[in-house]
Structures are given as structure tokens and as C-alpha cells.
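Presented sequentially are two complexes of subunit A, the first with subunit B as partner and the second with subunit C.
Presenting the complex of A and B:
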């Protein structure tokens, strides 16, 4: 099982990956709080992008409503913690369960009735949108007024309750991201990965080869929604405040998928590279503009737009596929 | 279990009032090669699609190894032991030739590494091993046709449905394909093919079924069928000298 993860991966790729991981491991010792907060954001987008990529990049199902899974999971874990004192590592299971159930419900409706492509994407938007409206009026979690987790100064990190300093969040998120990377690699190199790619490429031919297309699409949605739930829980405990208007908004869904699109849909390292490039560059642009004395609201969004434009025109497969070719890393990362 | 591997009994299919196939019957004996021929629009591919589970027949029944299979989903038909190719090829374009075939091989072999070896063997059998690492999108049309066959074959079918796999091939390539199918047949694979290339039909088939306007108008040994006046009139026309 372990050997399958590294099967056919060039040594150079492993070495580079190891160096990259080592850099991420020591990074918090070298940088200040601000940079650390950006690195957390990078990991957050890398992980969530990876989760989205399972559905779109592997199985070819475009979801533009992944904020639904983030939001539902964030609210579940936060409400369990605030109302019942149930810690995040216990609450996360219910959060995952509910997210997966939402995903399976949408998937069932769509795939049973042959809704695909753009129409499927619209359906995912619709569900995220009306969940947002629902949560606006959901008094148990304070509706549109926002739901808050208690915040105090923590002298000691409490990883079991996800209460503590940013550096603790950083390492937990790093671990999750690494595990997700390995998990996706494991999926992609197995039978299920081949089946997903076949469905992505040519569903009719896939079915002719004995693949139960409906079942494998549903599995993709379930895994993607379940993984995304974890970022929702993390979001809740890291930011300590949840607003339906923000967490369920479509711009959140779009933000999540920019990383994989720019990095390279369907590749394993694409979402990570995309998250690094986008977040670091976007923050730099904001900083530079700030230093120059301009505080332009929305500059980040404009920058995202430009990045997307450039990538789509010049690198339609994302940055990673041509880059890995240049680095001589083969085709399977 | 009947002596016939596949029995198609009186199947019909209409599309918005257009009767594409009308009470067509045919049987494919175990171990044989049967050709389904007919002019364009005769309903050959519709027949295939009903056998392969794409459409459910409006009337009639289809049995495979004595079991009713009409109306089953295509993936279940595949598991029953029927592999098919598409007339308009449908390769997994972003995947390499080998990966394309691995997808098929995974039906019987869940371990990817074993499936890869199996897929290599299938590619080798079709003379495509040198193309293994090429993305399917970069293959030529004849290569893609062969890839279709390789992919279907990798699922280890008992019955192989071939939908115009010779079209667009040069005569020498056709002869190569004919040799491949003869060899496959010798190894026990039963074949039902739709074909326009008479060179291949004559060389391969033990039996020919002629479809015209959705109806079976003749059946029999290839030499008999090409002399059948009804067939000559509707279909072969100028090729009648063959």
C-alpha cells in the first residue's frame, strides 16, 4: 500500500517534495506572526483545493458550491462546542457526516436525473445559496447576526479543543494537508482513481467498461464533501466567528477553486502550488499597494481575476503541468 | 443454457415515431463470428446499443448465456461478459494508451499493478505496445480504433461487439485486424461485428445478417448472402461482382 504511493515517482520529485515539506516544517521558526497567518491561509486553500479537486479534477464534476460543505461543517462543530461543550475532534465527525449527507443528496438528485456539466454546477450554487438564506434565519446559531466562539488569551495551547496560538493551527493544518495529499495520491493510483479519470474523460465509454458511473460519482462527492468539512471545522475554530453571508457566499466557493484552477486541475500538486502562488502574490500586492499609500478595496479580487485570465490564456492546464515537465518530474504528480 | 451465446428475439426500437429497428432477430452461436451488415441507417448501431444496454428495446428480448439482459445498464452488460467498441471512438483522451486499457483490465483485476501487466499484454496482442505512453488524444484514427478494441478486450468479454472497427483502415491494416480477430476467436472469444468493409466481412464471418430499414432481410453464410437478390438490390449494388 505504501509502495503504491511512491510507485513510478522519480527520485527527484521525492527529494523536492521532501525539501518542500522540510521548509514548511521549519517555517514558523523563521517568520513573524503576519507571515505565519498567510502561511496558514496558504495551507487552508491548498487543503480545501485538494478536496475540491477530488470532485472536479478526478471525477470531472464541477462544483461551484463547496462553501456549502465548509459552512455546514463549521456551524456544526461550532454549535456543538458552544452549546454542548463537545470538542472539535469529536464534533468533526458529525460535521463530516452532515457535509457528506448534503453532498450525497445533491449528487443523488443530479446524477440520478442525468444533470451534468453546467447544470450540475448551477445546482451546487443553488444549494449553497439557499442554505445561506436558511442560516440567516437559523436562531439556534444566531442567524444573520453571526455565531461566535469564546475567545480568550491562551497561555497554553490546547490542541484537543483547537484553542491556542496560530502556530498550533499551522502545524495541525500542515499535518492535515500532508495527509490529504497522500490520501489523494493513494486514491488516484488505485482502481477508483482510474475509474474517476475514465468518467471524467468519457462517461459513456467508462460505463461500457463495467464502471458503475453513478456509484463512483457519488463516492467522489462524498469524499470531497467530507474532506471539505474538515476545513470548515478548522475555519470555525481558527477565526472564531461565522456569518452565513460570508461562509456560504458564492465568492467563497470561487476563492476555494482558484488555487486548483491556477495550479492545475486534476494534478496532485496543482492545488498546493496554486494556493501558494495566489495567496502569497495576492497578499504581496495588497502589501505593496499599502506601502505605496494606496488602500484600494477589492484589489485582491482584481488580482485574482488577472491571475485567472493569464493562466487560462497561456496555461490552460494550470501552472503545474508545464512546470513539472520542466523539472523533469514525470506525469503523475 | 442454450447453444447460442446470444439470442436476440424480435427487438424493436423507435425514436419519436421513427422505427429504427423492427422485430429484428439474430443468434450468435458460441465461438462463432457473426457480421451484421446493411446500408447506412439500417439500424445496425441501434441493435448494438440495445444489446450493450444503451437503449432498452421497446419490444422483444435479448438473452446472453440463457439469461435475459435486455434493459440492463451498460456496466452490468459488461459484467455479464459483453465488451463493445464505439463506431465513433470514445478514447479517454488525457490518459495514455496504456491507462486507457488499464481501465478495462480493472474490471476483473482490482490490483492496478496486475491490471497494468494485463493491459500491456492486450496492447501487445494488438501491436500497440510501442504507443503505450502516448496520450490517446495523440493517436491516429486507426490507432484509436485499435485502442477501442484493446480496451474492450481487457474486460475479458465472452462476446465482443465490434462497431465498424475496420473503417478508415488501409487494406493491409484491415488484413492485420482480421488476423487479430481470427486469433481471438480461436482463443474462444465470440464476435459480433458491424462492418462495411466487405473484405473483412467475407474473411471473418461464419454467418452474415443483413439489416435493411430496421428489418432482417437475409441471413446465412457470407457467400450465400452476397448472392441473395434482395441483398444485392438494397445494399451491395455495384459491389455485386465480388
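Presenting the complex of A and C:
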């Protein structure tokens, strides 16, 4: 199994990956709190982008409603913690279960009725919106007023309850991101990865070859929703507050998927690179605008939009595929 | 609850729904022909709304008059958008087109936010509070006027697509892209024209909308979603379907506001959308996919 993860990967790629990981491991020792918070954001988007990529990049199903899985999982874990005192590492399983159930429900309805492409994307938006308004009126978690976790002093780290300093969150998130990266590599190099590739490129041909298209699409949705659930739980315990308006919003879904699209859909390293580029870009624009004294609301997003426009026009496959070609790394990275 | 109240609210909802329908008609025309989902549709509408607000604030021009130049300006914006940005993306995968238009939408919303700030603005014409008596019902005058205008514009559009040579050429592109190329139609130019026409619709709707609701930059994404809901309920690409979908959504919003909470109104619209997608994915009046 281990050999399958590294088979066919050039030595240079492994060394580069090792160096990158080592850099991430020592990073908290070198940087201040502000940079650390940005690194956490980068990892958050990298991980969630990786999760979304399973569905879109691997199996070719465009979901524009992934905020649904983030939100449902975040609320589940937070409610279990606040109402029943159940810690996040126990609650996360129920959160994953509920997210996967939501994903399977949407997937079942859509794939059964032959809904695909734009229609599928719009269906995912519709379900996320539906849930958002539902949670606005869900009094058990305080509706649109927002749901809050008790905030602790950052004196002691309590990893079992996910209460503590940002450094603890950083390392937990780093571990999750690395595991997700390996898991996706494992998926992609296995039988299921090739089935997904066939379904993504030629669904009809895949069907003819005897691949159960419906089943493998459902598996993709389940894995993607389950992985996304984890980032929802993390979100709840890191930020300590949840508002349906924010967590389920369509713009949040779009934010989540920009990373992998900019980085390169369907590649393993694309979501990570995309998250780095976008987050660093957004933060530096804020800083530069602040330094120049232009604190106009919206100016950052306009710049953000312009960068997106440039990338999508000139690098249609994202930043990573041309970059890995230049670096001489194989196609499966 | 008095039955007159229910009927009054229903009629108001239907009248508002016709303006929604005009907005969605723009989206439907664009998707039906160009096969690109305009993710910046609601944002274009808010641009038109702000143009109407500025025209009223600076020169005291009634939005119903300003509507004409605004529609022309939006036509030009749409034409350029298609000609410059979207035409090179016609053969790209859907998610590429989506990102392109999402980027345009982000720029539009936040551009408006930079210029006008986040506060809600409105237009107060002197007949804003007048109402018309229809039997036992008391209906807002502005809603009657805007609904009538929306219907008139829609009728004009139907006539354009049925009767004129250009309209027929555009329909030919929609029916058979390759065939249209073979008979020598300038498809890219017709696409740009179509995007312009769809944008003009949404421009007119945006100007009218200032009489019905307060405008903020954040209305853009909400109305993009609204337009999608309407168009899919009616049938993507079907022009009468867009109007019907608009009326249904207007009605469901009004009714949910009356019987439940006004904040739950989108849930009903989206609920109808989910049902339609599952049981009649081509929409109420759409052709079989």
C-alpha cells in the first residue's frame, strides 16, 4: 500500500514534498501570531479544496453547494459540545455521518433522475440555500442570532476538546491536510481513481465498459462530503461562532472552490497551491491597501476578482499543471 | 384572516413577480442561445438599479423614463462582455465559464460597494404611495405600472424573436450551432447581440425594481440566485416559462410573507425549485432535455 503511494513519483518530487512538509512543520516556530493565523487559513482552504476536488476534479461532478456540508457538520459538532458536553473527537463522527447522509441524499436524487452539469450545480446551490434559511429558523441552535461556543483562555491546550492556542489548531489541521493528501493519492492511483477518470471524461463509455456509474458517483459524493465535514468541525471550534448567513452562503461555497480551480482541478497539489496563492494574495492586498491608506470596503475583492479573471483567461487549467511540467514532475501530482 | 387581504397580497405578489420574470427572461434568453450560465445576472441588475438611483438623485429623472437609456447602456455592457470575455470561453468546460462570470460578478458587487457604500438606497417618486382600487382590492400603483411595462417589454421581445430576421437567426444559433455556422451566420456576433438583449432586459428590470424595493450592493448575488430559481422552474431557455416562473416566485414570496415569516420566503422558492428539478428537470414549460 505504501509502495502504491510513491510508485512512479520522481525522486525529486518526493524530496521537494519532504522539504515543503518540513518547512510547514517548523513554520510556527519562525513566525508571529498574524502569519500563523494566515497559515491556518491556507491549510483550511487547502484541505477543504482537496475534499471538493474529489467530487469535481476526480469524478467530474460540479458542486457549488459545499458550504452545506461545512455548515451541517459545524453545527452538529458544536451543538453536541454545547448542549450535551460531547467533545469534538466524538462529535465529529456524527457530523461526518450527517454530512455524508446529506451528500448521498442530494446525489441519489440528482443521479437517479439523470441531473448533471449546470443543473446538478444549481441543485447543490438550492439545497445549501434551503438549509441556510432552515437554520435561520432553527431555534435549538439559536437561528439567525448565531450559535456560540464558550471561549476559553489560551493558557492550556486541550487537544481532546479542541480548546487551546492557534498553534495547536495549526498542527492538527496540518496533520489532517497531510492525511487527506495521502488519502487522495491512494484513491487516485487505485481502481476507483481510474473509474472516476472514465466517468469524468466519458460517462457513457464508462457505463458501456460495465462501470456502475451511479454507484461510483455516489461514492465520490460521500467521500467528498465526509471530508468536508471535518473542515466544518474544525471551523466551529476554531472560530467559536456560527451564523447560518455566513457558513451556508453561496459566496462561502465559491470561496472554497476557488483554490482548487486556480491551483488546477483534478491534481493533488493544485488545491494546496491554489489555497496558498489565493490566501497570500488576499492578505497582501489588504495590507498594501491599508498601508496606502485606501480603506474602502470592497477594494480588496475587486482586486481579487481581477486576479481571478487573469488566471482563468491565461491559465485555463490552473497554475499547477504548467508549473509541474516545468519542474519535471510526473502527471500524477 | 380576511379574504380581501389574502387576495390583495396575492395580486401584489403576482405583479412583483412579473418584474422578476422580466429579469429572469434576460437570463433565459442568454442561456437558451449562448449556453452560458450568466452568474453575474443579479449583479448587472443592481448596476442598472444604481444607475436609476443616480439619475433620479442628480437630475430628478423618473426611473420609468431612465429605464430606456439604462437598458441601452446595459445592452452595450452585455454586448462587450460577450464579445470580449465570453466568446473565447464558448468551448471551455462549464466550470471555467462559471469562474469567469463569478469573477465578473465579484468585481461588479464590490465595485458598487466601493462607489455607493453598503447602505440601502431608494427612489421616492411622488406617486410611490398611490394605490389603485380594483373591486375590493387595493393595489399599489407602482406595481401595476411596472408589471404592465414588464409584460410590454416581454411581448416586444417575443415579437423580435418570432418576426425579425435577426431574431430568427438567433434562434437558429440556439437550435443548431453547427448548422448556423454552415449557413454562414456570424454566430459570435449573434451571441454578443443576444447577451446584449438579455442584459437590456435585466437593465429595464433593475430600473423598475428601484420603485419596488430598496437597493444595496449585496442584492446582486441574491438576485442571481433568484433569477436561476425562476428560470429553472419555468424551463431554462423558455421565454414564457421565465414569466410564469417569475409570477410563481412572486406569489410564493408574498404568501410565505403573509402566512409564515418574510425571512423564510427564499426557502419556499428554493423548495419549489428542488421539486421541479426532481420531477420535471426541464422546467414547467421547458423542452425535454
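Here is the rule we go by: the second predicted complex is superposed on the first by the 331 of 333 C-alpha atoms of A that agree within 3 Å, B and C clash if a C-alpha of one lies under 4 Å from a C-alpha of the other, contacts with A are read in each partner's own complex, and residues count from 1 in each chain.
Rule of thumb we're sticking to: contacts are C-beta pairs under 8 Å (C-beta built on N, C-alpha and C of every residue); 3 or more make two chains touch, one makes a residue touch a chain.
Small disclaimer: the values here were computed from a predicted structure and weren't measured.
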item: Contacts of A:178 with subunit B and subunit C, given as first, second, both or neither; value: neither
item: Subunit B versus subunit C as contact partner of A:136, first or second or both or neither; value: second
item: First (subunit B), second (subunit C), both or neither touched by A:297; value: second
item: Touching partner for A:281 - first (subunit B), second (subunit C), both, neither; value: neither
item: First, second, both or neither for A:194, with subunit B first and subunit C second; value: first
item: Partner chain in contact with A:113 - subunit B first, subunit C second, else both or neither; value: second
item: Dominant contact partner of subunit A by residue count, subunit C or subunit B; value: C
item: Touched partner set for A:207, first subunit B, second subunit C, both or neither; value: first
item: Contact footprint of subunit A on subunit B as seen in their complex; value: 52, 54, 73-75, 78-79, 83-84, 86, 90-95, 99, 102-104, 106-107, 110, 112-113, 115, 151-152, 155
item: Sites on subunit A touched by subunit C in the complex; value: 56, 62, 64, 109, 113-115, 117-119, 121-123, 125-127, 129-130, 133-134, 136-137, 144, 250-251, 254, 258, 261, 265, 296-302, 304-306, 308-309, 312-313, 316
item: Of subunit A, residues touching subunit B in the complex; value: 4, 7, 189-191, 194-195, 197-198, 201-202, 204-213, 266
item: Residues of subunit C defined as touching subunit A within the complex; value: 37, 85, 88, 92, 94-96, 98-100, 102-107, 109-114, 117-118, 217, 221, 225, 228-229, 232, 236, 261, 263-264, 266-267, 270-271, 273-274, 277-279, 281, 289
